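Everything below concerns the one structure shown next.
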Amino acid sequence: MALDKTGIAKRIAQEMKDGYYINLGIGVPTMASNFIPEDVNVVIHTENGLLGMGGYPSRDNYDADLVNAGKQTVTALPGASFFDSATSFAMIRGGHIDLTVLGAFEVTDKGDIASWKIPGSRVKGMGGAMDLVAAAKNIIVAMTHTNRKGEAKLVKNCTLPLTGVQCVKMIVTDLAVVKVTEKGFQLIERAPGVSVEEIIEKTAAPLIIDGEIPEMNI
Amino acid sequence: MNKVVNSIEEAIKDIKDGATIMIGAFGLCGLPEKGIAALLKSGVKDLTVISCTAGVDDFGVGLLLQNHQIKKLIASYIGENDDAEKRLFAGEYELELVPQGTIAERARAGGAGIPAFYVPASYGTEAAEGKEVREFDGKMYVMERAFKADYAFVKAWKGDSYGNLIYKATANNLNNPMAMCGKITIAEVEELVPAGELDPHHIHTPGIFVQQIFQGTDYEKRIEFLRLQNE
Amino acid sequence: MNKVVNSIEEAIKDIKDGATIMIGAFGLCGLPEKGIAALLKSGVKDLTVISCTAGVDDFGVGLLLQNHQIKKLIASYIGENDDAEKRLFAGEYELELVPQGTIAERARAGGAGIPAFYVPASYGTEAAEGKEVREFDGKMYVMERAFKADYAFVKAWKGDSYGNLIYKATANNLNNPMAMCGKITIAEVEELVPAGELDPHHIHTPGIFVQQIFQGTDYEKRIEFLRLQNE
Amino acid sequence: MALDKTGIAKRIAQEMKDGYYINLGIGVPTMASNFIPEDVNVVIHTENGLLGMGGYPSRDNYDADLVNAGKQTVTALPGASFFDSATSFAMIRGGHIDLTVLGAFEVTDKGDIASWKIPGSRVKGMGGAMDLVAAAKNIIVAMTHTNRKGEAKLVKNCTLPLTGVQCVKMIVTDLAVVKVTEKGFQLIERAPGVSVEEIIEKTAAPLIIDGEIPEMNI
């Protein structure tokens, strides 16, 4: 059965290793921080200027001057630091972030990603996404395997404006875990009860399938 | 060396139509509220505004759009402002979208006398169209030019009469790089103290980057998304 | 996230002959004394050292020159070290002189993922020989490349177990930009505290830039020119 | 009579205007800070990372961590700030310093300066001098009019390696104050008792002399 958002978030949390500095996009990526194992100590970076982001504040101690990249009130954990945006993006651009997780509209089997603009529809802007995908060491996309119209989001070529080229390393969807290899997409895991055939059918690019594909362990 | 002005009106009295103005803040966090209010009152128009976002419909940079004072907006994100999107589609102003980290670095470069530099961000995307690209060590980069700004409006937590600034938490964001970049940087602070009261180790923006400073009162400090634990 | 190592020997055990090493400090101010002492003891050689100065004859970077461990020195000034000059004329090591501000910016750029940038410094001088030049807005600039460093040795006043650093007075200097640049940055501090004890507003170098940290003892903190009022 | 070092320093102090941020080289330039009028409030920048440099410390309060660009122990005045070298040179390169005063071996009538290297003699390095002369708004050179061999230091072309090109705005020597104009050197003032003829004789480039040349008022 296809995973819900929580399921995707749980699977992503498994990619977080002890000692990682991590930047999480809004939505499911941020949700993943709730499922990090207790013995895994990571530091969350939020690009508006904080290392060591904690959870939401209580009603007694929220602060308009302390927000995350989604402009939500947050807290700072012990060991945190505050800094300006130039320094914050120096961390990103300089490759100091170990893992970036963000959402996407489309990802290609070369690792190109489209995530910021739907022409003729809404204009929002790229925010910090183009900086993040251009420079983080390890980029994981969290998204549904198909869009609302049922069209594949894992594709040969993006139809939407690009956020970055040849940068995505892995995709976690409601159906599968797919790695972007030099030879293209490789199916690594499938959601519990989801068949390899269904995944192939809903992917609009060749999928390397090497032996038995295990179910995700979430 | 005293940079204290008595009012924001005094600070902005020389701003002309067509000026390029930087406005610090990330969304509404660290927003120079008093500076924006004074710009609204002044009616100065045809501005080029450089800011991280367009604020929201009825606060922050959004107010200047509503008041038809902006000719061109350079920003990374206008997603929290529906009105800005409508006015854009109506052709009321020009929008140049720039990646957020590139905005910060172009501001710092402007302040640091670096006319151009290379970044990986936006390579291969429409945001790099018309820009020079170049390979270094096997990776492709885009050449970005430093910003120039007639004025920078920034907001800090504490400041002193020499213009030294300290920001609270994540309210620093674009404020420090933009403070470096403004030909005239106007800083508003919640608490203004005489020079010598701030620990020189704690200064985030040294006073050399600030030309005018004043203490604002009654800050609204509007929160875009109040999220609370267990609520 | 604990980056505390028990000894400097543990921190440097993987450094190989031929490594590129940055050493913070301005002259002897803010000098990573313990790191240099350990490098001396290790005997690692053919180093490329990037530092603001060559220290003095018998302290700082000068010790590594005396010990024949440096193949190439990149610095802005060796004027306080007569021994370094003698060894240079004797062909014991190669010297590349780079303007001080350019050293700082090349270090920051290396840490910030900016492969190249333009500065006015050194245009028209022998320090710009072999470098690309380019005109921007009617003024000539020199293209400078970011530094890459296998290790950066930095010294701070206070630090915590996450690697966050605070410098004292002018002992920051090259330490912060170099901390950003090192693939492995080894920080030594006079006072090491658990994460959470330093105010996040006061951090000069966020811990993300630091891979190893330890507390040094018995710092000599030698003064190059002690000048006193009315003496 | 030719001025001594103190005289040159006093004349330079007259160029310091209220509200200036000033960077002073080692020696005579630094000495000039002792002669700033009381009603002129300036902030001294030292490129190793301090705005608001004060005088030397007392024996009770010196600090190895607080030095100036000459590596001498100093103090910090009220309103001072500390910062790293990248930020310090951002101030210089970005044109935020109002006045820079430094020494030189030679200056040309186009404003080129040689101040850092004597080939075949000593190797020291340029330190921050190339950054300063390339970017400060207003650069004044403090030097003797001739060198120890009696050779002119105001020249048509430098014989020594350059520190920067077309940057010096004014020269204060023991004999004269000379401006670098678009048309070349212009004699502005002469030291008390020093004749225009002596200055012309000791200058190895044409000197524009416009009317009566006043004596320095020091």
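Labels for the chains are A, B, C and D, by order of writing; each one numbers its residues from 1.
The definition used in the following text is that a residue touches a chain if its C-beta (ideal position, glycine included) is under 8 Å from a C-beta of that chain, and two chains touch if they have at least 3 such contacts.
Note that this is a predicted model, so its numbers are computed, not measured.
Asker: Spell out the chains that contact chain A while also contacting chain C.
Answerer: Per touch definition, common to chain A and chain C: B.
Asker: Does C-D or B-D have the larger number of C-beta pairs in contact?
Answerer: Here the pair linked by more C-beta pairs in contact is C-D.
Asker: Can you work out the whole-Å distance between the CA centroids of chain A and chain B?
Answerer: 28
Asker: Between chain B and chain D, what is the gap in Å from one C-alpha centre to the other?
Answerer: That gives a centre separation of 36 Å.
Asker: I'd like the Å distance between the centres of chain B and chain C, where a centre is the mean of that chain's Cα atoms.
Answerer: Distance between chain centres, rounded to whole Å: 33 Å.
Asker: For chain D, what residues touch not just one other chain but two or more?
Answerer: In chain D, 50, 76, 82-83, 89, 92-93, 135 touch at least two other chains.
Asker: Hunt down the residues of chain C that sit against at least two other chains at once, touch-wise.
Answerer: Correct list: 105, 108, 112-114, 119-120, 167-169, 200-201.
Asker: Can you list every touching chain pair?
Answerer: A-B, A-C, B-C, B-D, C-D
Asker: Touching chain C in the complex: which residues of chain B?
Answerer: Those residues of chain B that touch chain C are 105, 109, 112-120, 134, 136-137, 139, 141, 145, 166-169, 200-202.
Asker: Please output the residues of chain C touching chain D within their complex, sorted ascending.
Answerer: Those residues of chain C that touch chain D are 26-30, 52-53, 75-80, 85, 88-89, 95, 97, 99-105, 107-108, 119-127, 157, 167-177, 204, 221-231.
Asker: Can you tell me which positions in chain A touch chain C when the two form their complex?
Answerer: Touching chain C: residues 19, 21, 41-43, 45, 50-52, 76-83, 87, 89-97, 135 of chain A.
Asker: For the complex, give me every residue of chain D touching chain C.
Answerer: Counting only chain D, the residues touching chain C are 46-50, 55-59, 62-68, 70-74, 76, 82-86, 88-89, 92-93, 112, 122-131, 134-135, 161-165.
Asker: Provide the residue numbers of chain C that touch chain A in the complex, in ascending order.
Answerer: 1-2, 108, 110-114, 160-162, 164, 180, 195-196, 200-201, 203, 206-209
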